[in-house]
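Look at the two complexes coming up: subunit A is in both, with subunit B in one and subunit C in the other.
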Partner chain A sequence: MADEAATVAPHASIPSGDNSVWADVSPLLQAASQDLQEGELIHGDNFNLFAAMSALEIMDPKMDSGMVCTYYSLDEAIENGAAPVPISEDKTIDVRCTIDIMDHLLACEATWHKGHSLAQTVYACLYLLRPERTSSHALLHSYCKVIRATCNAILSVVSDARTHEEEDLFTMAYGLPLCGDGDEKCLSLLNAVEETISRQLRACKASSSKRRVSEDIEPLQDNSDLEEGYCRALLCRLRFRKHFYHLLMSMKRPQGRGLELARKHIASCISEIDHIQKSSEFLRTSAYGMCDQNIDTTASGCQPIGFDASLNCRLSAPTPPRSIKILCWEKALEYFIKLLQDLDIVCSYSLDPSLEAALHFVVKFQKSQPDLVSRAHLQLLLVQDGKLYGRDSMLSMITRAAGLPEVTENHDIEKNEFMMQLGQLVINLLKILCTNTAWQRRKLGKMLQDWRVIYVQLEMAFKKKFEEASTTSNTKKICFKIYQHILAWVEEKTYWIAFRFLSLGFELELYSFHDYCMVYWYIYVVLIKLAEKKHLRMAMSSDAAKKKAKKKKDSLKDAEMDHHIPAAVLFLQSQIYLAEGLSMMFAAMRNEHRIVPLQSPFNTEHEIFIQQFELLQKACVPDHISYVTFKESTSHANLSTLAICDYFKEAQRIAKEVKSSFANDSDTMAELRGVEQVAERNSIALNVCRVGALDPKLKISFAFSHHPFFATAIVKRS
Partner chain B sequence: MLAIESKESRRRRRRRRRRKKKKKREESMESGKKEDGEMEKVEFDASEIEYVSYGGEHHLPLVMNLVDQELSEPYSIFTYRYFVYLWPQLSFLAFHKGKCVGTVVCKMGEHRNTFRGYIAMLVVIKPYRGRGIATELVTRSIKVMMESGCEEVTLEAEVTNKGALALYGRLGFIRAKRLFHYYLNGVDAFRLKLLFPRPELHPSLPMMADKYESHMRSYHGNAPSIVE
Partner chain C sequence: MAEEEAKEGVGVNSEGSDSVSRVKKLLFRRMLVGIKDGRFFLGSFYCIDKQGNIILQDTVEYRSTRQSSPSPMEQRCLGLILIPSSCRTSCHVDSSIDEQFSLLSLQRTSPR
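Showing the complex of A and B:
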């Protein structure tokens, strides 16, 4: 039967062409299959892992996503009463169930933000999938509308920012009704519903306190004992959604114009979350005995009605057939509080028109480990229309950061093609710094080569320009200035990126204990270069500023400034000593057999070095650095000489000294304290090791208890 | 029966599958540690374990059973055959008194101008863990890769799988990258890499082979635990 149908059907639908005719290939296939031995197919040239992995075994529930569905279609689910409107004819039950839906949706939303697919989280809600069905139920309808609008807004921020490289599940929204009719006006409906419920709340409070029957106002539901509690529970949920949506809209405004307003909505959101949390006790008790109350995604503990994640397995084919663990309700609220706090940090940023300030801000922001949504918002704020905050052109920001004197402002530096490329590179850097740290580190590493290349190109371009400029004119002088300043700044930034690349490796736990010696050594050489370039650039800037000041009036302080090492450089200096100290300490311990080096059967420390610093070496950051130089500088380290030349003591001394210069900068102060503490402890540990050199019971270990990437030594007698 | 998916979903599924596979492998190794208390360890001498190179179709059910047994989700027959038919020399099985107790499945090929090996599956059943079987299996594969001209070997491991990370760390693998939310449960992965010495850097390459021999001897001598 089936065979006949298969051979007959094509005849009927597709006629034979001029040069073709339909033929039954079954006998041919049968004959061919006799020849084919088991496994032969896999030998085909075009059969790759791609093909092997794409193979599905139909009807196997673990592979065939269609198999795990409760319903075959949304229509079937609705016909079966999986998502009734109203949810119940009993108004009290209807309200209770609506709140459960709201709570579960919030949990789904948080789960989505955390990196799961929209289809299997928020859009597991059948009510969202058919926007028009809820129109008779104002409460549910308004909530569904604002959820869709919110998801849509967040989705567009994240896709615009493109910071989600590895979080790509987030933006997948195949075939989902993200934007229902009139969803953009979601707030007006929400406001109307909120208004009605707050009247109902007023009415029930009036009737309970003054025993006066309030006319005209129909209560929310029929049980007067529960009226106030349900009204309150609904109000905080609706208001949270309202403020959250407002917040997103305010943050969308160009050039950060809505940030102040956004902060007000953030405060309102946080206070509504507090009310939501407090409503849980009422909701739990009022639902007692009405359901099993063993669900953790709703405040009441009841199973929410109208959700089926399996339905979307088929709606959006790429979602793997796996059940997703939805965050519990408490965790979802925690997530939203964290998100709001992170967004508040973004909104409180002063939009300082300085590249250094912006870079510093992102790095600081990342320390709180913000999630995708807040990172995307920060990125969109920093870079809009290719400008910093959508306001300041990148080139003017670069020339300012490089400390170029104002005389050069009218110079045609902006027309230089490599300067344009440099501008783009800075934009990329800002964007990369907003991505998750794992992705960020890889991108920073790859980016080092671009910075190196642009440096060389700029150098050549400037040289050419310099030679072309007539000897008599002032242009030559200006050219030379630009040349010096920009190049020094590019180099400084290159080493800054390298330093961040190396230090992020600790945060991401990429280094093993055996690699610490070489990693700290590399940090040490990079930091020396960074300090050197920074010092040079700062000296040039202060030189330029000084000359300008001198034209106006003679400053007495100039002479002092000349020989003073800037605090920022001294801060680096303390870290240089710390990194060198740690590297030498590890080297000494290995040289004196305190730690047993790794004995791989397949490679040596040399290969480990090549792999760890591959991207830095490719970009020649810094020049003339290799495994050989590493070995030369560490092979003679021993504990007794280390004590004479104590790097840790130096680090501690400088950190202590420089603190006064950062009295107003709490972050740098905290970092300095960290450096000081690590240095102090390591200095003591080193002494203990040296004195107890012959004590085999001394065990030394390391922990990141005082600094994210400078390890603190702990010596114990075992 | 085979079904062809859309291009888009195929691309994604391929990625997911790989993730799942890796995850499961590590999970299975990890779980051995947790259940050590409940699990009856089998008493055996390291010399009783017999290591065999993949020998043909009769070994395939053994590999599949072992992987299926340890992993909750089965892979299509095509995935197994893809590996064992194209690189039979990189797959090994470990037997104890005729029973298959562990297996390793790998591949190798061009990847961005380098010839690299890839460790796809590594399983040792729970009662036999902690006795160096996984290390021996994976070491045999790596040795063949090295002899076949591979420049490096890679794999992914879950960041929480301390046992596997330690095992590969001892073999000279570095954690080259962290892959954010690599697994569907939201856990990150490490991409591990082992770079082989290049002849021009090490004129005395045969030395490496000697090193390997002595390393293996030390493994059998003391039988240190793999899964900590």
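Showing the complex of A and C:
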């Protein structure tokens, strides 16, 4: 056995030392192995087990990129006929195989969008790696061209938006031929091919209905029974690509000018996907018996020709060595439908010139869990050239959001350095809101400190201004107003960010059941601040508006108006009661030993508090809030205190009351309904608990069945 | 801790074994290991366990650029690698001719 191996060794090409030879030690090693005890190692004095653990394991598909694959180089693969042009001399087989390639490329493209590298997905196609080789095959050539152009367009959108930090494999395209010669003209070639095939389709329909056969048109392939099916299958695939490329180009137009057109292409894409799905049956039956048909990335089930994912591992350095699983064809189509639907939501946005509307839109858009590509498109639409939608300057958007009176439009507020910084901060906020939830949460948390710093800086700058302008009383007034409005708005946004930071933790499942008490408590203190600031700002804005119309109205009515709390604040109020109620409920259950506190050897409750809210605490959001205040406010909670129940009742009452103000706002209505339901159920659950306080069989659990982050209590008798 | 145990292990349990002490003498020598897919690894012998898995240091990988012709050899540096015994097909050390005979003689006398 050992001798055989020795004869295989290429001693000639790998030199041993001078005056020495390669001596076979396999038998010796085997003998030693037998003598060794289990778990025993032979090693030198400098051996370090920790270092040994980091050794690269040969033949492990996840670590060893050098594993010998089918082909050693692209040239060798092509010489061996791995990617022939034409694919087959038989035209019917050639068409069938071309469709398989198209299908597999679509599956690869979806897999790429989902976060894998381009080199292992789309560019596993050998035809794409040598763009010039396909030029004699119009159908394949045009398809490859449009694929390259599409990948290039999407790559630039994602890298421009930089929403991909977590999915950094996405934009890695080093060494791949992304731009072939004349790819920018891909559509004209695609149109020509589409035109030819639709003529062939018409011709075959004419001949089948025994009408005059048009002699001048050569059929797509030789089997007349399959002609119509193949023509149709190809047409929907080509048209999908055409509309998809058009869609990307329209979305790229500045200031959202192409959105309307983009929506038309989205509709066309979705209808072509429907045709593609329907072509599957024909393709499966026509390929029956011609191949194994156990491949899931093509409609026909046949193995596509011309793909080798392992080749790029050897060719381009940044290709990750691990092998990946390409999405199946059905899943790929599902992905594209979802992508198109998400892009349609982006395109249907009204580009409302209001910062609040834009923020609200992104948050709502994120609820459908859109993927990277659509998020990147949204971000590029929102922020272009440092302006909202590339149209409205950030500063004017901020002053409008802050509800500043019209007089300030000509004021030199724009020259203020800190206002410029605030503008940049808002741009960053918009960008961060477009990233994936995990990344978003971390960035939002870190951003809080910047918002606090800018608040202090603005406050100082405005104070200085205020002193300077003390000469004339009119400018003094205006300065004071600006100062108040902007600062109130900055604070409101800071708490809004903190609230989103906390609620995203539920979506990411970062809180354990034992942390709920402190999380709801923190949500409660943040919401109180948010409501307070919002109320303040709204009162100031309505004040300013009222002063304009003051001459007409009598002052008595004005005083009455002041006591009216705006609906948006009431909505927050209902959430405040709900959060407080939940926090107290958890605290009461803990205090009465209904929840066994987690006895972790690693973290005390105090440490967990710091870990969960470190970023908020660092930014002092809100001020004077610490673990001690949390402990003080929750240590006396108990189930028998009726007050707890009132939190939920109050939340329910306010939610019900405020509904009428949001009749036209379906999202807020849904949100309110959720709050109302959670409050109602928790109120009942709490009553049951209180009545059966001594019943040890009563088990309380929590679920997020009515609201994404306000838990609903479920009481069961076990 | 595991490291300490392993160190002790060699000394205590297999002290009597002739082959184990011979293998110990091979440590840090240049070793050429061939594996199933046709590649060769040349590195300094660092460690071996009971199962025959070998760790090499400062390793260079050799492979053919084409399947049809075994040479010219392409090479790249890999550093510290673990070669599982399951994929190992050959194993040689760089040795003088005299030493090769002594290794061969051991091959005959070693218990199978």
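Following the convention adopted for this analysis, the second predicted complex is superposed on the first by the 633 of 718 C-alpha atoms of A that agree within 3 Å, B and C clash if a C-alpha of one lies under 4 Å from a C-alpha of the other, contacts with A are read in each partner's own complex, and residues count from 1 in each chain.
FYI, a residue touches a chain if its C-beta (ideal position, glycine included) is under 8 Å from a C-beta of that chain, and two chains touch if they have at least 3 such contacts.
All values derive from a computational prediction rather than experimental measurement.
Colleague: Quick check on the superposed pair: does A:184 touch subunit B, subunit C, both, or neither? Answer first, second, both or neither.
Modeller: Once the two structures are laid over each other on A, A:184 reaches no partner at all.
Colleague: Is A:47 touching anything from subunit B or subunit C once the two structures are fitted on A? First, second, both or neither.
Modeller: Both partners, subunit B and subunit C.
Colleague: Please indicate which partner A:352 is in contact with in the superposed arrangement: first for subunit B, second for subunit C, both, or neither.
Modeller: The answer is neither, since A:352 touches no partner chain.
Colleague: For A:218, is the partner it touches subunit B (first), subunit C (second), both, or none of the two (neither)?
Modeller: In the superposition, A:218 contacts neither subunit B nor subunit C.
Colleague: Quick one: classify A:195 as touching subunit B (first), subunit C (second), both or neither.
Modeller: After superposing on A, A:195 lies clear of both subunit B and subunit C.
Colleague: By the touch definition at the top of the document, which applies to A:31: first (subunit B), second (subunit C), both, or neither?
Modeller: second
Colleague: With both complexes overlaid on chain A, does A:667 touch subunit B (first), subunit C (second), both or neither?
Modeller: neither
Colleague: Touch test for A:55: subunit B only (first), subunit C only (second), both, or neither?
Modeller: So A:55 meets both subunit B and subunit C here.
Colleague: Taking the superposition on A as described, I'd like to know which of subunit B and subunit C A:508 touches: first, second, both or neither.
Modeller: first
Colleague: Same subunit A residues contacting subunit B and subunit C, which ones?
Modeller: Overlap of subunit B and subunit C footprints on subunit A: residues 38-39, 41-43, 47-52, 54-59.
Colleague: Quick one: which bits of subunit B touch subunit A in the complex? Just the residue numbers, please.
Modeller: Touching subunit A: residues 1-6, 8-10, 12-14, 16-18, 20, 57, 72-74, 76-79, 81-82, 85-86, 107, 139, 142, 146, 159, 169-172, 174-182, 184-186, 188, 190, 193-197, 201-202, 208, 211-212, 215-216 of subunit B.
Colleague: What residues of subunit A sit close enough to touch subunit B in their complex?
Modeller: By the definition above, subunit A touches subunit B via 38-39, 41-43, 47-60, 62-64, 114-115, 166-167, 317-318, 320, 322, 324-325, 436, 438-439, 441-442, 508-512, 515, 598-604, 606-608, 610-612.
Colleague: Where on subunit C does subunit A make contact in their complex?
Modeller: Residue list for subunit C touching subunit A: 2-3, 5-7, 9-10, 13-14, 17, 19-20, 22-24, 26-28, 30-32, 34-42, 46-52, 54-55, 61-67, 70-73, 76, 78-84, 87, 89-97, 99-100, 103-104, 106-107, 110-112.
Colleague: Would you tell me which residues of subunit A are touching subunit C in their complex?
Modeller: Answer in residue numbers: 2, 5-6, 8-10, 13-14, 16-17, 19-44, 47-52, 54-59, 66-68, 71-73, 76.
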